[in-house]
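Chain nomenclature is as follows: A, B and C, assigned in order of appearance, with residue numbering initiated at 1 for each chain independently.
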Amino acid sequence: MRITRRKTAALVVSAVLAGSLAACSPGGGGSTGSGTVTVYAAASLKKTFTELAAKFEAAHPGTKVTLNFAGSSDLVTQITQGAPADVFASADSKNMTKLSDASLVDGDPVDFATNVLEIAVPPANPASISSFADLAKPGVKVVVCAPQVPCGAATEKVEKASGITLKPVSEESSVADVLGKVTSGEADAGLVYVTDVKTAGDKVKGITFPESGQAANTYPIATVENSKNKELAKAFIELVTGSEGRKVLGDAGFGAP
Amino acid sequence: MNPSLNASPADGGHGYSGIPRWLYLPAAVGALFVLLPLAAVLAKVNWAQFIPLVTSAASLDALGLSLRTSAASTLLCLVFGVPLAMVLARRPFRGQRLLRAFVLLPLVLPPVVGGIALLYTFGRQGLLGKSLELAGIQIAFSNTAVVLAQAFVALPFLVVSLEGALRTAGNKYEAVAATLGAAPTTVLRRVTLPLVMPGLASGAVLSFARSLGEFGATLTFAGSLQGVTRTLPLEIYLQRESDADAAVALSLLLVAVAVAVVGLSYRKPGRQVGA
Amino acid sequence: MTFRMTARVHGRLDAEFTVAPGETVAVLGPNGAGKSTLLAAAAGLVKPHGGSIRLGDKVLFAHDGGRQHWVPPHLRGVALLAQEALLFPHLSVLDNVAFAPRSAGEPRARSRETARRWLAEVDALDLAGRRPGQLSGGQAQRVAVARALAADPELLLLDEPMAALDIHAAPQLRRVLKRVLARRSALIVTHDVLDALMLADRIVVLEKGRIVEEGPVREVLGRPRSAFAAGLAGLNLLTGTVTPDGLLVSGPGAAGGQAVSGTPDGEALAGEPGVAAFPPSAVSVFLELPHGSPRNCLPVAITELEPHAGRIRVHAGELAADITPAASAELGLEPGTQVFFVVKSAEVQLYGA
């Protein structure tokens, strides 16, 4: 009698735990049954992919696109931990390679966009920045991404190629943090992607510079190996890489691959 | 052996606890809920690489910076938190409840919000920052910014602990001290502070621990640069992008430091107030 | 130095009195009478709403019209000894006693010397090295006395210093206090008539914040005019109006509206307010009205019976009679029984209120 009661209690507890853990996990464990395609995309793709998802749903009645945006490396971590993604769109090839190495990519990834760095300054441009070299002038407070994240890696590449070494006051972990420092006026300039400057609207002014071409970032997209709806996933990738996708991405500032 | 220690319930001879037996189950689940994730971190540690990972220049810079800034912010909390707690505990005034609510706000505020608030106060374009800038003082992207962010979130811990201790101690001793001819400052130094020392110490330790863990406000307000503003939590956040092993190793390091700090404050039970 | 105090604290205190140089005044009164408020006002821990407090020619408090003068506690030269010893738990006994001289700016060594002297004075020198937590209640209170005296106060305030002590510790502290309070200006709040008898020169009786009676100890206890003082003195007290042959008792009490005859003293003038006092031991209890002899017979209802020093104390409202247990059993007394309290006129003292 006693033992039975304890067993029951243990079962109840594990059920409760399992239930609450499931409720806490991202993605919610929703079904990827027919008609739904779950897309994990780099945070910089938020605006364009939201638009493309709407177009996809309109073109394929009865389908639903579930979007999950985060840093590319976070997304790779989530997918390798078993998150139910059908499509993965990365902001760089490095993270796509990580997923391939884990044998979680179905077929070959396709490059669908490129992105280059741009200087973001407060609208008034208090430090009168007009070139990449200006960023290295003494007294200029410049904020960049840390080398560990894609935009920081690109920054390093540009520095190497141009021979100009920056002395940033901060190396942020994300583009959003760099932009935050610029829009609040704490920094005189920040290095982010063209698309980020576009998204920020008139809160910052973008200054293009030729050296940025040295570090064009390529965005690959692929079907995830464990996808339960590879047909729909492929259809979505076709939309992104097709002319319609090209137009939406181009409007947002992305270059062609 | 101290006989009073022998009589403590921890040493056998339990008194009636009044705890229903079923209560142990949710209690155990609650304890597991905290312990299991820590165990998971421990299980993930790449032990072969642990020492090189935590002794890399970036890691040591981050740890050193965290310890230094946390010490500074704890000092700041003491300098301003002790008077604040005294005023809140001992002197009723209009708007006191409101002030207390606001002082405690950083406890529940998302740290990012704290960071934004600090930005608009001490930032270049901020309320005070503008004047400071003119005076040649720049806070953004400096050690000072880190300390301010930490103090902002840690101050309530000190104020809450100390105010509680002050209220428990009451002001009978202070009244006696005053009638013995001690001026208010003497009373504060020789009676009040020694009496609430356990509460003050645990408040300071909690502030230090909270400072050590500060992340959101620092990220938003101070930035992230190795050796200057990139504290241990920021380093962990960054390493996670590229080197998960390093992030895990540093997490363990931070957990170890936090456990040591918090453990230190609870090792000695507070001295009994009252004769 | 003479201490003069006139203090009003709304709802709690409205009193005026004096402590002459070297005099110890006992403040007595029921719970909530305002005794502690009076001490707190004298010590500067409570700010009165009106009045003035002076110690010698120093004005400690004055409030007339809009201007207010107030000296904070630490500058008053008034030390307070409370019911609890309140020794600072983080200091040794010696440093507790040295606290006041240290606060006054004496160097450590000298203040410890002073402390040793006062510890010796209260027979506690052997406790110097201890922590307050290691002392018994009586020891702690003696140390507290030494600590208060080490402040060299011009006025010492004692707030029921014996109340928290057990019956063995109280007599020793009382002896110590008797010694140290001699020739010292002090104000002692107490419940205990013994404290007043042993320690005080004068008594002030406080009821509901007002002084209802004051005078030399012997006079107040010998001829109480207030119910509280009569209680302390162990006497029954009836108040009313003096008549040519006694007292017409006033009020709604057990004997209200009745005439009592007694032995008047010279001061009792007919028509003036007066009191009649008699000890419970002089009261006999009868179930029926006795005949003959010029005695006072008060019809009362018993409210309570309790043992009292080998006899039974029979309470009837504010009156009491002491009879033998045997008599009580024979009469079959119990609460609610209607009886007559009978007392000989010769046993009743009559005097002006």
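One rule holds in what follows: a residue touches a chain if its C-beta (ideal position, glycine included) is under 8 Å from a C-beta of that chain, and two chains touch if they have at least 3 such contacts.
Which chain is which protein? Per UniProt: A = Molybdate-binding protein ModA; B = Molybdenum transport system permease; C = Molybdate transport system ATP-binding protein.
Computed from a predicted structure; not experimentally measured.
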Next on the checklist: Farthest chain from chain C, going by the mean of C-alpha atoms per chain?
Outcome noted: A
Item to check | Chain nearest the global centroid, as defined over all protein CA atoms shown | outcome: B
Checklist entry - Rounded to the nearest whole Å, what is the centre-to-centre distance of chain A and chain B, using the mean of the C-alpha atoms as each centre? => result 35
Checklist entry - Centre to centre, by mean C-alpha position, how many angstrom separate chain A and chain C? => result 84
Checklist outcome for this item: Taking each chain's mean CA coordinate, chain B and chain C are separated, in whole Å, by 52
Checklist outcome for this item: Within the complex, chain B is touched by chain C residues 43-45, 72-80, 82, 84-91, 99-100, 102-104, 132-133, 135, 140, 147-148, 151, 157
Checklist entry - Which of the residues in chain B end up touching chain A in this complex? => result 25, 29, 119-120, 123-125, 140-141, 219-220, 222-226, 229-230, 234, 237-244
Item to check | Parts of chain A lying in touch with chain B, wherever the complex brings them together | outcome: 9, 13, 16-17, 71, 73, 77, 141, 143, 146, 148-149, 168-173, 177, 180-181, 184-187
Checklist outcome for this item: The residues of chain B that touch chain C in their complex are 172-173, 175-184, 186-187, 190-191, 194-195, 197, 271-275
